[in-house]
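Two complexes come next, and they have one chain in common, subunit A, joined by subunit B in the first and subunit C in the second.
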Partner chain A sequence: MGKYTLLQKTGLYLAMTVFMTFILLPFLEMFMASLRPLEHLFRSPYQFWSNDMSFQAYFDIWNTVPMLARYIFNSVFLASVTTALCLSFVIPAAYAYARFHFKGKSVTLGLFLAVNMFAGAVLLIPLYKLLRSMGLLNTYAAMFVPGAAFLVPTGIWLLKSYLEKIPIELEESAWIDGASRIYILRKVVIPLAVPGLIVVGVATFIGAYAQQFLFAITFNQKREFMPLPAGIFEFVGYQSVIWNQLMAASIVGIIPVLLIFLFLQRYLVEGLTKGALKG
Partner chain B sequence: MTMISKNSNSSSKWREILRSRTLFVWLLITPAALFMFLIVGWPLLETIRLSFTNAGLGGEQYIGWENYEKLLNNRKYPAIVGRTFYWMFLSVLLKMVIGTAGALLLNAKIRGKATFRVMVMPPWIVPMAIGCIGWLWLYNGHFGILAGVLMRLGIIDGPFEFLAYKSSAFYSAVVTDVWIGTPMIAIFILAAMQSVPDDLYEAAYVDGASRWYRFRRITIPQIMPVIVTMSLLSAIWTFNSFEVIWILTEGGPRGATTTMIIDTYKMAIANYKFGYGATRALMVVLSLAVFSLLYLILLNKVNERYKTK
Partner chain C sequence: MEKRSTFNNLWLPYLLVAPQIIITFIFFLWPASQALYQSFLLEDAFGLSSEFVWFENFEELFSDPLYLDSFYTTVLFSVSTTFLSLSLSLMFAVMADRVIRGEMAYKSILLWPYAVAPAVAGVLWMFMFNTGNGILALTLQSLGYEWNHVLRGGQAMVLVIIAAAWKQISYNFIFFLAGLQSIPKSMLEASAIDGAGPVKRFWTIVFPLISPTTFFLIVVNVVYAFFDTFGIIHAVTQGGPYKSTEILVYKVYNDGFVGLDLGGSSAQSVILMIIVVSLTVFQFRYIERRVQY
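After this line comes the complex of A and B, so read on.
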């Protein structure tokens, strides 16, 4: 249907180049800065390429910030626990909204979605009090409990639209055969919903990984629990910033989530969009 | 709607059972509902209570509407509110325009489109704080690539610190916020474009409609619902955007990037004025609620007009 002319094709690639430059420039700059010796970074005018570039910063970061590996582990760990906790609330609720009619359905669903309006930053003081009274300050839970809560509404919304597309007949026949509701949920619905669960799980994981900062800098003072987005600021000193190592640590820190994403991207991009839109 | 299936005996019975068992339904929803009440509901109520107190490090006392009066009489506050809405409108507008243009590009049948679709994602999936660190260096006036290239091209004479001046800091923060928000919007709009039935395009093509005409008359109307939903969601997130501003400028220079959320954080956390901070936090919630309501009402009106036509 209508092939592109050469002119249109050139225009498309040109526009794509501009768009991709906007998207990827910060990463490129990060990478280039990580390769430069610190003295070279403060050299003007700007040089794109020079001979003294090396991967030295990638070795030095582990000495400058000895806990760096721990921070990266914490980030992945926190995102995983956040995702698990979030899904344990999302799965039953999404099932209820996808399969049952009941009084108060649209009202409660609306309330869940309205939670999107509250940023964590708005509720920090009471959350701080709450976590303190539960004895959770300065623990992993101080970050993953509120973190999970703010991801629940979107999770319910996404998973609900998936479950709605699973034909109901299978559940019916299981019911006729005398299976219990819990059994049906565990052995019929969940296995069928695996693709949807992966999408919601990955989306939640990415959300949990991307948003680690505010709760970490507010509710946790202990370095051993700190996630990378908070811990990485140790490269920023009172006097000076070790820029090349800061950039190297940033690159290293985003590798885990990039790997997970590359591994699951086909699932994610397709699933996320289709599930959310055709519900 | 999901209940509509074959009209067999078994399924109608099943449906009846499903309907009758409200207990089971509430069992499924209650954990999530309780969790949300604990982490969002109760803190909201507590924020309302705190807003009527002078809570700080030294205890708290009920002081009635004093915080509200103080806030309404604060000469600087209207500027912060105005700036927040300007921040939101500008950033969301750019996100939607660039996101839609990006989706169009990603939807074009060109070589390498699968790779491009993956390449667009990183700003979204990488921790916001880390993405901002990259921008921090980009905006460096002496050694960043932006100033470097601009100097080479002779557009600026000397080093230019993007984050040091009031208006350049504001627009720089907007650009970074747009950068973070665009990929998700592009991907969702792309999906909407792909869900448009092919035969619509084919019919128009056979009738000799131009590419531009097909875009205007088929693509745009078909993706409109997604654009409308994403705009509202994006507006809410942008309004509440914290990390970008905090990491780039901490609200400075001289308050030029202080939005309501940054202002609230500073008041409550940095200055330990919990009561006064709570009042400001409620203003954020209230502004968003009013905005969302107006948006939905307007949307309804527009929808009705389209229907009657």
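After this line comes the complex of A and C, so read on.
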């Protein structure tokens, strides 16, 4: 095992290169296009590299779309608030499901699994009416409240299976020492569950980031609250698209999320799979 | 199975779970019941009058060729996206499992698409397939194939499928890799000694053993293609050209928010809900049965 002929090895690496191209090409083209002057993008034949490339688009984007910085802030802000809100619901509920027996446990868990499958997109109109009657339309809350509501069940499933792996003995001894349940949750369980919480946090953040576009174009009409995925369409005009700046703005928008990702990906890879497949 | 320890307490678990139950009720059960109720009503666009019409909205839907087309479009889109994304990510995972050098970089790069919002992913692929200056459109043109997804429905479909599959590869890859790494190496060695080549080993040992993972991912991917690809469709084609990429969830939005047909749109929501619930039940049953080997 592990011994391959030179031919097999070459084939393996060749195939890997082809597949990696598929993954990376959009990122590479996005970056290259952001460096090209706009008129170059319509020049033929296609040139991968030319001497008039520059970072000019990265300076121009802020003038073309003056609200761009606000959109980026909104995106990160909305995803962060959604994540914080989610965790505050997920932690107690997941703890209850991992550690207690109670009536209705499996029914509610099944319900959460169904909600987990749902996306807000299915219930757009009733959600619109609900938010309108709550007076939340055209606010930040219109985007993070339904977002959080649909992400919590996934978080409960993930964290529940993580908590079940933490030995209960630690909690029992704290209980015998006279600690209250809430104290145990805060001082014993949460510190032990940090890797699991990171997974739930990152998964929620990415989920919130992915779905904010839908809620933004349906429940919010105020430009100052728009997140980036909705805001970048200001680079798309009726007649033409400012492609180089659109790509530059997309890169600037992707970078914060990618950074969070790079730091936490090890936890994410382990935690996600363990949670969903019930170890 | 591991021993599962639990505490007994009469009121605490309810207290801990109550906030989430309330949230689920307000933002899920209530809107869902509203959609159900609304789907039996015929309402004018201003909400001034409404009439209870039983299943008329549903009858109308299923006799509407546009809706049936959208159903077909959705099935085509979901099956293709799921198949493309799963097969590619399985190949990636098999290679990552064997790769000797650069393993960390390889795995790390494969996760990048996961961090891109669907609408942005749509824009990226739209750019590469842009007629006249996109790198892939130009490549196809030089091979003698005219690409114009703005005019041709089939090409628009291919474009959204590629974008949607690309976005989901990372997620599938994570699960396949975990599945592959849990296969005992001794099993593979034994079969290698018996003379089975890599391809035969894959189909007779690896593939059957990761089937629970595959099944789980099929459900997740179908659900993803059904609902979470809204951003991609909206960014790239807006359902066009001539509704050739209008999947069901986009039609709910288009008929309800743009067209203001509330009864019809709610009936569509109800049908989507039935699909999700059956997928959930299907998966729940299967997981209970299969994963505990």
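The rule is simple: the second predicted complex is superposed on the first by the 270 of 279 C-alpha atoms of A that agree within 3 Å, B and C clash if a C-alpha of one lies under 4 Å from a C-alpha of the other, contacts with A are read in each partner's own complex, and residues count from 1 in each chain.
To be clear about the criterion, contacts are C-beta pairs under 8 Å (C-beta built on N, C-alpha and C of every residue); 3 or more make two chains touch, one makes a residue touch a chain.
Source: prediction; values computed, not measured.
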Both complexes share subunit A, so when I overlay them there, do subunit B and subunit C fit or clash?
clash
Of the partners subunit B and subunit C, which touch A:6 in the superposed model: first, second, both, neither?
neither
Classify the contacts of A:176 with the two partner chains as first (subunit B alone), second (subunit C alone), both, or neither.
first
Which of subunit B and subunit C A:110 touches, first, second, both or neither
second
Touching partner for A:92 - first (subunit B), second (subunit C), both, neither
both
Subunit A residues contacting subunit B in one complex and subunit C in the other 1, 12, 15-16, 19-20, 22-27, 29-30, 33, 41-42, 44-46, 89-90, 92-93, 95-97, 99-102, 108, 111-112, 115, 117-119, 121-127, 129-130, 145-146, 149-150, 152-153, 156, 164, 168, 181, 206, 209-214, 218, 228-230, 232, 243, 246-247, 250, 253-254, 257-258, 261-262, 265, 269, 272-274, 276-278
In the complex, subunit A touches subunit C at residues 1, 8, 12, 15-16, 19-20, 22-27, 29-30, 33, 41-42, 44-46, 89-90, 92-93, 95-97, 99-102, 105, 108, 110-115, 117-119, 121-130, 145-146, 149-150, 152-153, 156, 164, 168, 181, 206, 209-214, 217-218, 228-230, 232-233, 243, 246-247, 250, 253-254, 257-258, 260-262, 265, 268-269, 272-274, 276-278
Considering only the defined contacts, which subunit B positions touch subunit A in the complex?
1-3, 5-6, 10-11, 14, 17-19, 21-22, 24-29, 31-33, 35-36, 38-40, 42-44, 46-47, 50, 98, 101-102, 105, 108-110, 116-131, 133-135, 137-138, 142-145, 147-149, 151-152, 159, 179, 182-183, 187-188, 190-192, 194-195, 201-202, 205, 211, 226, 233, 236, 240, 242-243, 261, 264-265, 268-269, 274, 277-278, 281, 284-285, 288-289, 292
Please give the residue numbers of subunit C that touch subunit A in the complex, ascending.
4-9, 12-14, 16-17, 19-21, 23-24, 26-28, 30-32, 34-35, 38, 88, 91-92, 95, 98-99, 106-121, 123-125, 127-128, 130, 132-133, 135, 138, 166, 169, 174-175, 177-179, 185, 188-189, 192, 198, 212-213, 216, 223, 227-228, 230-231, 234-235, 249, 252-253, 256-257, 262, 265-266, 269, 272-273, 276-277, 279-280, 283-284, 287, 291
Would you tell me which residues of subunit A are touching subunit B in their complex?
1-2, 4, 9, 12-13, 15-16, 19-20, 22-27, 29-30, 32-33, 41-46, 48, 75, 88-90, 92-93, 95-103, 108, 111-112, 115-127, 129-130, 145-146, 148-150, 152-153, 156, 164, 167-169, 171-173, 175-176, 181, 206, 209-214, 218, 228-230, 232, 243, 246-247, 250, 253-254, 257-258, 261-262, 265, 269, 272-274, 276-278
